[in-house]
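Read from first to last, the chains carry the letters A, B, C, D, E and F; within each, the first residue is number 1.
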């Protein structure tokens, strides 16, 4: 089985650490390939970044189908472009945020998300609500951390996360912690050891869910919402997205 | 890895067919054992049946911990006793209804549940709402089928399901169908072939999620809601549940 | 009129104090009988306890129908087994939690529940949400009190409740307090006197609602959700629940 | 015990039939007095009517306190002015809509309201949602009936109600019917006999709840939302409402 | 274009300051006339005041139609009588609370309302929920201010508002502030300058929305909920409201 | 005042008809300029199209700020990229869907949206829910129409819309119709004339709201969610979006 993890940002160090997280839990026989799009933001910390990374995510899924992947993972904790990515392929596409929410629900009754800078709180709360987890997610806790701070100062980042996670336990009655950034993957085990409750990184959750769905031989429903995109012209720099659509329909 | 599937009803033919469904998707190395409690209803079609099967489910989880299982599955599409079962063990416990909802959410935007007799509609809708899937589940569709009709007249049962599933597609815009009874597992593939959209049986979904969570080495949060039960006396025929609690706490 | 109050736990001292609370508000002509099931937990402080007390509650309702009761009250503030109890009888069955919520809604716009140990917060919040009172109940406040602490140290329990109730008034803007444990009944009047707002014990609310519904000659709807349970076999120690079902249907 | 039922409209024939309904279920020792305000609409079938009847309702509660009533009932199925009425008295004030919703919840899992002309559907749905019963009320069904048609042609009105109630059972899976107009009280028993499920008139429900709350010696919370109105001047034709406020505060 | 702003209370100093606020943003060609009803409360700070001011609001709209107004604004931050006012005219009727909510939603993702005395919190929260803004409005913050304090001590009122608005920014993460009383209009600019985020007074928002809707030549839907009131008799002091209804229908 | 209407698709005939709609309601002194992005899909009928048009929308807003526009309108009935567009400018940005919802709420209690092909139903329902209008929008009705069918066969398109709008009135009790595609603007008046209820095109609603907000001198809150994007590098074909960010912050 080949799983393509798409890091929606273009910071390759982060892509590599995401890849490492994915490989750390993959079963023998599961090949993990992590990539970044060829264009887009170095990190995702706003609606602006989210909308500007989504075309690259979609492109990587389309390329992936030609390369024979069995499943895709969108590895940014806002699941950017997820619904669109599902339209362009039959293969399962999983967001790391949703993966962490489903996994957490099996392990704990209530949980908090600990994430990066304050401006994304609204974005994540809207996502959580759309997924139906508004009651299980007690709080979306932001920190002063920028996404790329993890690479620059891992120890400082861990300390900031640790403090906020402890506040989640003490003040939110959180029974599990969800790490709200793909870059936090490396800290999950250490924090879990310290806190004594599940600390979930979405990347590893998504890899295991991808394996599960592929082994069930399930494919994305093409009946209505996630049908292949309509055949149409794309103008200018995005002309190739029109051509690719035709390709997709031919594959049906 | 050893997974114990608990069929909350006491009809052993059904336990066997659930076991077969589970084994059909288990990985090499995953041992599936399916059991029924030693006491309780022959089928589950009401709140009455649900509350009277739950103690047996709990008991099987407690016994399972002594037998060294790695995960538990509650294989009735109302997930009876699920929260209580999580309290008595560190191992992950998964309900087939929740497993089908998480899996369906990866594959389709909206879906309908097709289940047994009309009286359980309220029970399932309340469950769906509690899980946060009230918007994704377009409809809970009941049929005239009793749970045990599947064993008695499989062809008739399949025909009834087929008709109701077709109505779900035509009238609800369902993009996937969730089979709302563990006994329907055997029909999933045939219906999926006919309908051309994902048709999900919760048993197989739960087995794959159980494997995933076990491979992530995650255990149930013992911080608050799912703490081990308090040590206390149980009267009369349930005296052993008090003793078992003590055992559980010792294991902590 | 004969009302049977079922204390779902098996601590008879508590059953007696519940009985006293019920009798204190019963009208002349209303006979109150309080019982505990013959099997089950000494107190109810978890999902585990809740699911293990429910069969005993159901059994007491079934026995009650043979004894000629006019109504039933489930006297634990999680209303355990309530929906199932309604299935087995034509007579009205009332939970003390719902009774307190309806009564409070007549007297105040917003209110808080003050209850026992923290682990049951999720359970009560889910119940409140299912009853539709998620907006009126501002907070579910837990305390360090175990259910049986009330019998052991009534003064200490009262002091703990007093403090938490005061916090509810100061921090939640609660306009009434709902006592979230049947064992707290004896403290309601004293706390109400001190706080100057309604303090509601569910037992007395339920007794008055039971009298009201009986005098309206209303019986439980047997049309769909609360139909009598289907006739079926029960295995092992619960075999008698199958027989009782047959009895129930005969009574229809 | 003296209960004042306020028919918010000024049609005295209807006030009399509401009074009869109330007396039919009152206990010995409960005195029922039904009145209409001295000013306002002949019937209530719009927001316009609702807002123009509310001052009269409020006035009747204020007068009632001088006359020594123990509880008040607002007998129009939109509960007009209910929150304001609670502000002006310590005595419990109950709306017939809320009374029917609480009573129905004890007897059935889901129910439909059958009411008058289509334009009030939005008004009733908003009320149901505000009370938290949006999930239990499956449908608010309107008919071509005007409120006063019941007096003019009782047989025709009954036939129209019967048909719509049957549709509620067949199409909504309603397990109980709530009569959405105080004027329908006289039809409840006949419809219940025919349909075989509870058919609830709010007037009788409210009388029994009023008796219950009075016997519990409970009064309206004066802590925040339902405090007595602030002392202030009222201009013009409503000057007396200012004076009355002063009176109310004096009583505190 | 002629816009009639109805200050639902009868304090003419306040009507004048509302008028000034309205005129300050009106376009050339927009005539603003602000009035108070001839009867009703001097300020609106409870359900009592709200229900007793609504008839006056309705009357002013009816009078306005004879005077040839193009739109109406209900200038109290609870939008009292709004739905009823829409029934009696074809012209658009806008509440200042809804106007502030729509405008704020264009400018900010989350916002808090800062308003008068604590007792109206429930009333405003219910209104916000009914308008669908329960998630965007993070908090309804009350102050010790009475409505008429603004006229008596403008500087003190401003200081109180400033403090509460700062708390909203610091504690609620409010990205805009909505002034929850028509009398606060004069403070909006100063507070906005200090806080650096949008501070919205509903009066000016409503004037601009009224101009917009009138220029679109849109009128109130008369199809169902907002149909003209039914023709009927009104008793006593409100007899004229019956006559007016007839007038309204004639105009259709 | 200069308002830039951004048609997110690249079909210039449609941009022109949107421009005409906008100009038809603009005040004297309001300059309307309508544009399409330089890259992206010819029409928007899926999540794929939505995510691939959003970068072009963002770019047009950024260009617009250099050109001195006072407000922006996103003229596709899914409001694609709206939140991101708000991040990059101080000027108000309005989506035509939200504009139609706010306007409709002033005119009618309940309404239906009539839109293009069935696959976008989920997308629009999610948007409506996020805006908080899930209760006011009774139904999202799709048709067999593709976006560009309007240009190809206007009469056929009108006939299809007419039929679906009539169904909305008859079956949904819709009191107003919202046209769920910018290309439908030209049909609004004719349909409104025929149906006798408000028929709202979002483009004209948005133009009037834009004028209103600009005249109020209000700008987008830069406090948290809609802060200017963080300064960062963008890779590949989107490198210019990084540079533009720097520009934006300089402007602060």
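Assorted remarks:
Definition applied: a residue touches a chain if its C-beta (ideal position, glycine included) is under 8 Å from a C-beta of that chain, and two chains touch if they have at least 3 such contacts.
Not measured: the values here are computed from a predicted model.
For the pair chain D and chain E, chains touching both partners: C, F.
With centres defined by CA atoms alone, the chain at the far end from chain E is B.
Farthest from chain C, judged by the mean position of CA atoms in each chain, is F. Taking A-E and B-C together, the chain pair joined by more C-beta contacts is B-C. In whole angstrom, the spacing between the mean C-alpha positions of chain A and chain F is 29. Inter-chain centre distance (chain D to chain F, centres taken as mean C-alpha positions): 44 Å. As a whole-number value, the distance joining the C-alpha centres of chain A and chain D reads 52 Å. The residues of chain E that reach two or more other chains are 83, 109-110, 118, 121-122, 129, 135, 173, 224-225, listed in rising order. Taken chain by chain, the contacts fit none of the simple shapes, being neither an open path, a ring, a star, nor a full set of pairwise contacts. Chain pairs recorded as touching, per the definition above, are A-B, A-C, A-E, A-F, B-C, B-D, B-F, C-D, C-E, D-E, D-F, E-F.
Note for the complex: chain D touches chain E at residues 10, 36-43, 45-52, 54-56, 58, 81, 83-84, 86-88, 117-119, 121-123, 126, 129-130, 146, 224-225, 227, 229-230, 232-239, 241-242, 245. Residues 109-110, 135, 173 of chain E are the ones touching chain A in the complex. Those residues of chain A whose C-beta lies close enough to touch chain E in the complex are 118, 121-122, 129. Contact residues on chain B toward chain A in their complex (touch as defined above): 25, 27, 83, 92-94, 98, 102-103, 105-110, 131-136, 169, 173-176, 196-198, 200, 204-205, 208-209, 211-213, 215-216, 218-226.
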